[in-house]
Amino acid sequence: MAKLTQFDNEVFRAYATYTAIVLLKMMLMSLITAYFRVTRKAFVNPEDTATFGKGESAKKYLRTDPDVERVRRGHLNDLENIVPFVGIGLLYALSGPELSSALLHFRIFTGARIFHTFAYLIPLPQPGRGLSWAIGYSVTFSMAYNVLKTLWLL
Amino acid sequence: MAKLTQFDNEVFRAYATYTAIVLLKMMLMSLITAYFRVTRKAFVNPEDTATFGKGESAKKYLRTDPDVERVRRGHLNDLENIVPFVGIGLLYALSGPELSSALLHFRIFTGARIFHTFAYLIPLPQPGRGLSWAIGYSVTFSMAYNVLKTLWLL
Amino acid sequence: MAKLTQFDNEVFRAYATYTAIVLLKMMLMSLITAYFRVTRKAFVNPEDTATFGKGESAKKYLRTDPDVERVRRGHLNDLENIVPFVGIGLLYALSGPELSSALLHFRIFTGARIFHTFAYLIPLPQPGRGLSWAIGYSVTFSMAYNVLKTLWLL
């Protein structure tokens, strides 16, 4: 099975490549959140502020910060959109699509989600973020349609 | 490999069908959130209220709304429960169960999660939502038990 | 295909075992949240407090509680880290690694996430939680590197 996926199935290799890229992109949000928490001194767990001393002096760093919250919203939006892509994308890759169609789906989704992250964090004026969200959403929907058309067994 | 999954493995086709359905259902939560944000005029990002003008006149739409928050809780609950179903369900489908057992698991989970969404959004009195949550949870637990029994290698 | 995965591919069986374990661990967070909601009497949906009577008497239980919020943060952190492990781990298992390397990755990740949960809920002083998070994160990153090295097709 390893041999099959490694050498014979280019669609699966494309799926693996783009899935790894978008999941790594999603993981990057954790690092950006940590960066803003440290630079903005905005924490949520009391044990995380222990290095600032004890008692009242450290308590003032238990607060929310607009930049931290913005990254967290982007991270949650990634979870809501990348999870369906990974799940439906696997089924789509195994449903036997043309390599060219599959690459088109994977490339547009990956590009849209990377743009979405920039649009959220800079932030860009709307409808930049909204459009990139809608494009990624449509790609996943199109893959789901192909999966159900090919594999349907209720 | 594509051929195998497409034509020979009915359990995998059933898994693909129900997984696509529950992931599409989860994706629907994004659209419902957007619908309530627009109709309730309750946004979280300043750039999203730019169409309402600048300054104070637009700022009043940066607020939380009970209906929006309810949909968001339903969406997060979907993530918490549908992610384990998709992951464990794939392993279960590949562990060689009877088609009838697999269909029973997939159908009950999908029905329970669709009911859960209605119970959350209408909302229905408890224990409607709690029971449908517990049923979906138990199905995933049962599949995990079968996976570990069949494939266990620690 | 079921036969292949069941009997011939030990790496896939190891992946199935550890994935089932970490997903069950993540599902456990729902039960812990429910436990704290009931014992701390801290709910978020009005329909969940109906058993405490109607009107003002029940409304006082619609509140946040530090213990409930702590479990919920741990649960979200699981979603953010276990989802990439499950997705990238599957691709890694199918990319044909040595069984010993695969077991090393899966065991360290699973141990780190179980420790992370204890560190979050007790809570342990930092850097306990931070380190266990970083170890799990690094394991997923290492698997992604191996996936991209082996299967890369852009």
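Going in written order, the chains are labelled A, B and C, and every chain counts its residues from 1.
Rule of thumb we're sticking to: contacts are C-beta pairs under 8 Å (C-beta built on N, C-alpha and C of every residue); 3 or more make two chains touch, one makes a residue touch a chain.
Note that the structure is a prediction, hence the values are computed from the model and not measured.
**Q** Have a look at where subunit B meets subunit C and say same if over half of the interface residue numbers show up on both copies, different if under half do.
**A** Different, since under half the interface numbering is common to both chains.
**Q** On C-alpha atoms only, rotate subunit A onto subunit C and read off the angle in steps of 5 degrees.
**A** Angle of rotation between the two copies: 120 degrees.
**Q** Can you work out the whole-Å distance between the CA centroids of subunit B and subunit C?
**A** The mean C-alpha positions of subunit B and subunit C differ by 17 Å.
**Q** Identify all positions of subunit C at which a residue touches two or more other chains, and write them in rising order.
**A** As it turns out, subunit C has residues touching two or more other chains at 1, 5, 12, 79, 83, 90.
**Q** Across the complex, what residues on subunit C touch subunit A?
**A** Interface residues on the subunit C side: 1, 4-5, 8-9, 11-12, 70, 73, 79-81, 83-84, 87-88, 90-91, 94-96, 123-126, 129, 137, 140-141, 144, 147-148, 150-154.
**Q** Going by the contact rule set out above, which residues of subunit A touch subunit C in the complex?
**A** 1-3, 5-6, 10, 12-14, 16-17, 19-20, 23-24, 26-27, 29-30, 44-45, 47-48, 50-51, 75, 79, 82-83, 86, 90
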